[in-house]
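The following pair of complexes shares a single chain, chain A, combined with chain B in the former and chain C in the latter.
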Partner chain A sequence: MASVLASIHPEDTVYGEVGDATVPLRFSSLTEEYGVLRERAALLDLSGHRLIEITGPAAVDFAQRLLARDVEYLTSDRCMMSLVLDESGQVVDQVVAFGREDGILLESSCGAGTRLLEHLQARKEDGVEVTDRSGDLTALGLEGPYSWGVVGRLIDGELASLPFESVVDTTWDDVEIVFARTGLTGEYGYQMIVPVEAAAGLWQRSLEHAQAAGLDALELAMLEVRQPIPRHEATPGATVVEIGANWLVDITKDEFVGRDAVVEAFENGGGRRTVGFTGCTGVPAPGTRVQAGGQDVGEIVYAVHSVGLDATLGLARVEQDLAAAGLELSVGGMPVTTLTSPYVVPKSWGIPII
Partner chain B sequence: MTIDELRARAAERQQTCSQIKKMIVSRLDLEIEPDWITDDQPLFGRGLELDSLDVLELYVAIEAEFGVALYDSEMSVFGSVSRLADEVNPALRATA
Partner chain C sequence: MALRPVVVTGLGIICAAGRDPVEFWSRLTTGQGGLTPIEDEAFAVFAARHAGQVPDAWIDDQLPPSDAHHDRTARLALVAARQAIEQAGLAEGGPDRERFGIILGKCQATPDAAGRYQPMHRTGDVVASLLDLRGPRVLVSTACAAGGNAVGLARDKILTGEADAVLAGGVDPLLFGTYAGFAGLQALSTGPCRPYSHSDGLNLGEGAAFLLVEPLDLALARGATPLAEVAGYGLSADAYHATAPDPTGRGGASAVRRALADAGLTPGDVHYVSGHGTGTPANDAMEAKVMRLVFGERAGHVPTSSIKSFLGHTLGAAGAVEAVASVLALRHGTAPPTIGFEDGPGDGGGGKAAADLDFVPNQARPMTIDTVVSNNYAFGGNNVSLVLTRPRGPREHEELPRREAVITGLGPVTGVGAGIAEVAEAVAAGRQAPGRPPSLDGRTYAPRSLWRHMNHLSRMAIAASRLAWEDAGLKLPRKALDDVGLVFATGAGSAESTGGFDESIAVNPNKPAVLSFSNVVLNATGGAVCQTLGLRGPTTTICNGGASASIALDCALEMIRAGKAEVVLVVAADETTAPLGTAQPYDEDDLPEAGAPVPYGEGAGPVRGSAAVAFVVESAEHCAERGGTPYARVEGTRHAAGGDAGTVGRSLALLGGQAPGLVIGAGTGLPEDADEAAAVLEQAPGALLTSTAGLTGDCQAATGALNIALGALAVRERIAPALTGLTAPFAGDLASYVTKPDLPGPVRRALALTAAGGSVRGAVLLEAI
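This part shows the complex of A and B:
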């Protein structure tokens, strides 16, 4: 699935294959785009996030059964992030669910839309329609400590200060759009779901006030605030508890697909846990072994070079009694230090929306 | 450092984190088990979805339980349970 905005992105845009999507990784350089995201306002092409509509008289009941968080009373002015699990408790995807008058609109994580769609279709019941809307809708994102200013100049200043996870049906240039206060990086964040035919116009207009950033900068900033990235973190066999994505599951909900497995993993109490780390030279590959006091205690989930820390930053999955910040461990023979989240404090936490 | 020493250091942080989670669940009347909250999950907005009123409640609770006043602290101390643990037990911060 190519970006619907590919025709207007610069020729030297660097694209990457992420799951079922071809998405912009970088428009300029990671350092520049990261700086924009953490210091000003970044514009994000989220067309790799598939939009799937669940409608019909049984739509909400179906979504309530398939999503790990409680969406029974998700009104059309609210959205929420949730995991979608399979029967064995494995992560299928991490979605944003938008309440709609006629059902629920799901936004997949980047490149995971086909898997999510197949999962939903396979469990579809009478009275439920599952429709891929990615052919006619796409999502643009704004993230950054001053992204609220872009919203004001682009659409309406009052929308900038909406409560977190609020949704408004509004218009831009006489085009109906869904506007939401969201955020993946700890910075002020917004999403605009727009008809595909209007996306290029909104992107170009947004570029007058913000700078484009690709997936590399977005995922780095997500990691820095410990926002789960399922394509990196949901490794085969890892439970929700091991991933540390408990907050994307409502364990008080009576029933949802995967609940029994999650409860079992939680009550068993064993296994590994995920912890952030910095240090070492270079970026260790996923699966690199982690040692403590000379003993093998786990493995690297994934790691990158953090522009914010100017150092290697990654996640390791280690024995539960060693999953804590402030420990000196070893990766590939090199010392690393485990960290307290967030690893980088978002600038937005100290900047009010004016 | 030996693995036993590392485990002891981790246990100290995990104990403080556990104490904080119990305090949060109790003071805010949350319906979840304290251990369901992870050490690294965000507390405000995303994550535990606490709001500014909850912060005020936590200020009071932290002072009562740990004898630490956080009134003038930056919001970043509430970035996660583990970050909060650094504030209420400074011995942890020296190593984090």
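This part shows the complex of A and C:
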């Protein structure tokens, strides 16, 4: 699935294949785009996120059964992030669920839309319509300590200080859009779901106030605040607890697909845990073994070079006693130190929305 | 449409910045603040010590010795009330006392002279009794917005024609527990507060303020001097959070816009804004947004100031105190300043974020002021804006239109069932469970993320609201929910939170149970309902004991008549003061030996219970347009104040001589039931009388709402709760009472009664469609 904005992105944009999507990884350089995201306001092409609508008289019941968090009373002015699990408790995707007047709109994680859609279709019941809206809708994001100012200049200053996970149906240039306060990187963050025919116009207008950033900068900034990225972290066989995504499920719900496995993982208490680390030179590959005191204690989930720390930053999945901050571990013979999140303090935390 | 002009003809005030309006205004215009360190050693445990205290002598010197035995709250209120009445020239003579009301705003449940909690409405009763005010009597408790709310409701009472004069205001004393609660929230400034520039917290204060409100034509006819017009007011709900304001400012902006629309004015007409200006970062930053949202590019040219910088935050009195200051600002053409204002960039609070606005720093400013907007924001997300203008001359006006209102959804949550289907089934089967707490098991009513943080009262109220909403079959889009009103009615609020908070303070005042504190305010449950159901329309909270629900219905009808809402949810909830922290196990053995209470006759006495009951009130027009099916039309309501035996009879004047088929009375099993029964038998001959006390016990405000709900049900379904234990009635014979649930014939008209003992009684007449 190519970006609906591909035709207006610069020719030297670097694209990458992420799951079922071809998405911009970089428009300029990671360092520059990261700097924009952490210091000013970054504009994000989120067309790799599939938009799937669940409608029909049984829509909410269906969504409540398929999503791991509580969406029964998700009103049309709210959105929330949730895991979607299979029957064995494995992560199918991590979605943003938008309450709508006639059902719920799901936004998949980058590149995971096809799998999510198939999962939903396979479990569809009477009274439920599952519709892929990615042909007529796409999402743009704004992220950064001054992204609220862009919102004010672009749409409406009133929307800039919306509470987190609030949603407003509004208009931009006479086009109906869904506007949400979201945020993936610890910075002020917003999403705009727009008709594809208006996306290019909104993108261009947004570029007058913000600078484009690709997936590389976005995912780095997400990791730096321990925002889960399922395509890196939901490794086969890992439970929700091992992934550290407990907050994306709600076991007080009576029922949802995958609940039994999640409850078992909660009650069992065993397995490994995921913890951030920094310290080694180079970027260890996923699966690299992790040692403590000469003993094998786990493996690398994934790692990158953090621009914010100017050091390697990654996640390791280790024995749970070792998933604590400030411990010295070894990765490929190199010492690393475990961290507590956020690994980089977002600038937005010290900047009020005016 | 120009409505009857309503004016202020008298002012009264006592607070840290002055003992009367003259001194108050002199200090406001010369920058003499009244915030001082508290000398009471009990407060030494707190790091923050400044407050706006009223010297005892200021109170004592203004009251006759005969008032000395009243508690401090009542004495503060009496000082300000007497001043307002005196200035208005109504100390003697004036309007018929049956048409002279009092609407009082209060935030806190205040202690009596012996230090025990007393009913919320008691202060108003004391003032009304001593000043002989026998007209509408309302206690509004929208926390820190209550005083402004009271002035708005007073205007409503004039416009509906229920009153010819209303004493409207607010009062709250400085209480140790409240101080500890704000300290626990880290909301207190360690020095005198500096709103809008160095927003590091607030100071609490105490005081009382009243405005004498009456129609312009009557004021002129008796030769009074109008000081200002109450041109309009607006209410709104944030539907966002228990204590924090909606950071967008849209809730506050909505209240201002509604107030201006009510007044027939635009933002361009406003010369000065009396801000809420507590001095907390959250409030001050939000208010700056309200200013920009409402006034746009003109925001910096509309001076706004906070007089809390002089006297602290007087909670339920604040809105009235600021309304008094606003009237004086109009009279003198001077905007009072924000004192303690620091020029230059602030510390990240309101100051730094609002350098573009004009906060009238430190010096009063002579200027043309024809229109003032006075804003207040409260815990529970309740916002109030008042529009006050310079008085104009007499002019043509129209009466408030009569608009038919219907009850379209019922949501009882009681010991005999949750939802009207279960309760109707229990009524039909003659099942009773007085005192049994409702069960909320079996389904969900709210997102779990909200539910798990809510106290039991809020859970009951949310369940009741959800059930009523579903029963009404209302399916409104998000945009329409922004205009749905909510009126909450409660006698005492959450016993669980109040008790839990008090207990925590007793153990360690520096470790208050802050979650409980946020739920101690009476309107917290109403705010929780708004948040859960996403209702952002006009909202208020009424605390007149067992009569709260019928007074709340009045408020709903006024909103509909004034075109401020088409749909209003009325929800009433109260709970027993069972041992705190216990689960209140229901035990049949707890019932008196004689069994369930027997209203209106020999038998067991009252049993206290817990319940929440909601009903949807809708304009008949709106209901018809959406194809809704109403239970009944609200034909009329009537309230009578006073504790004498004749009060029931005066409320029954509503019937106009035409008896209803059914009366669901307020009898609980007390000997006083005899008065009610006698009055009903006399004024509604042929009607069958019953009560819900046997069904659920006395659940205070919720019982009043249950009476209204079951009255509506009786009109549609021809059933009513039977007085199964009644064998020897105090008045009349058994044939005058409902002794079996199936009524002998269709009920064309049903009358529901409510009662707050010794204070006010209500009557609601419901008619078949």
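Here is the rule we use: the second predicted complex is superposed on the first by the 354 of 354 C-alpha atoms of A that agree within 3 Å, B and C clash if a C-alpha of one lies under 4 Å from a C-alpha of the other, contacts with A are read in each partner's own complex, and residues count from 1 in each chain.
Following the convention adopted for this analysis, a contact is a pair of C-beta atoms (placed from the backbone, for glycine too) under 8 Å apart; a residue touches a chain by one contact, two chains touch by 3 or more.
The structure presented is a predicted model; accordingly, all values stated were derived computationally and were not measured.
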Partner chain(s) touched by A:D169 [first = chain B, second = chain C, both, neither]: second
Touched partner set for A:P352, first chain B, second chain C, both or neither: second
Touching partner for A:T252 - first (chain B), second (chain C), both, neither: both
Touching partner for A:V344 - first (chain B), second (chain C), both, neither: neither
Which superposed partner A:C110 touches (first chain B, second chain C, both, neither): neither
Partner chain in contact with A:V4 - chain B first, chain C second, else both or neither: neither
More chain A residues in contact [chain B versus chain C]: B
On chain A, the residue positions that both chain B and chain C contact, one per complex: 252
Residue numbers on chain A that touch chain B, as the complex places them: 81, 164, 183, 186, 225-227, 244, 246-247, 251-252, 266, 273-276, 292-295, 297, 321-329, 339-342, 345, 349-350
Interface residues, chain C side, partner chain A - complex: 240, 246-250, 253, 285, 288-289, 292-293, 348, 352-354, 444, 446-449, 452, 477-478, 532, 534
In the complex, chain A residues that touch chain C: 70, 72-77, 101, 157-163, 169, 250, 252-253, 352-354
Contact set on chain B toward chain A in their complex: 1-7, 9-11, 13-14, 17, 31-33, 35-42, 45-48, 74-76, 79-80, 82-83, 85-86, 92, 95-96
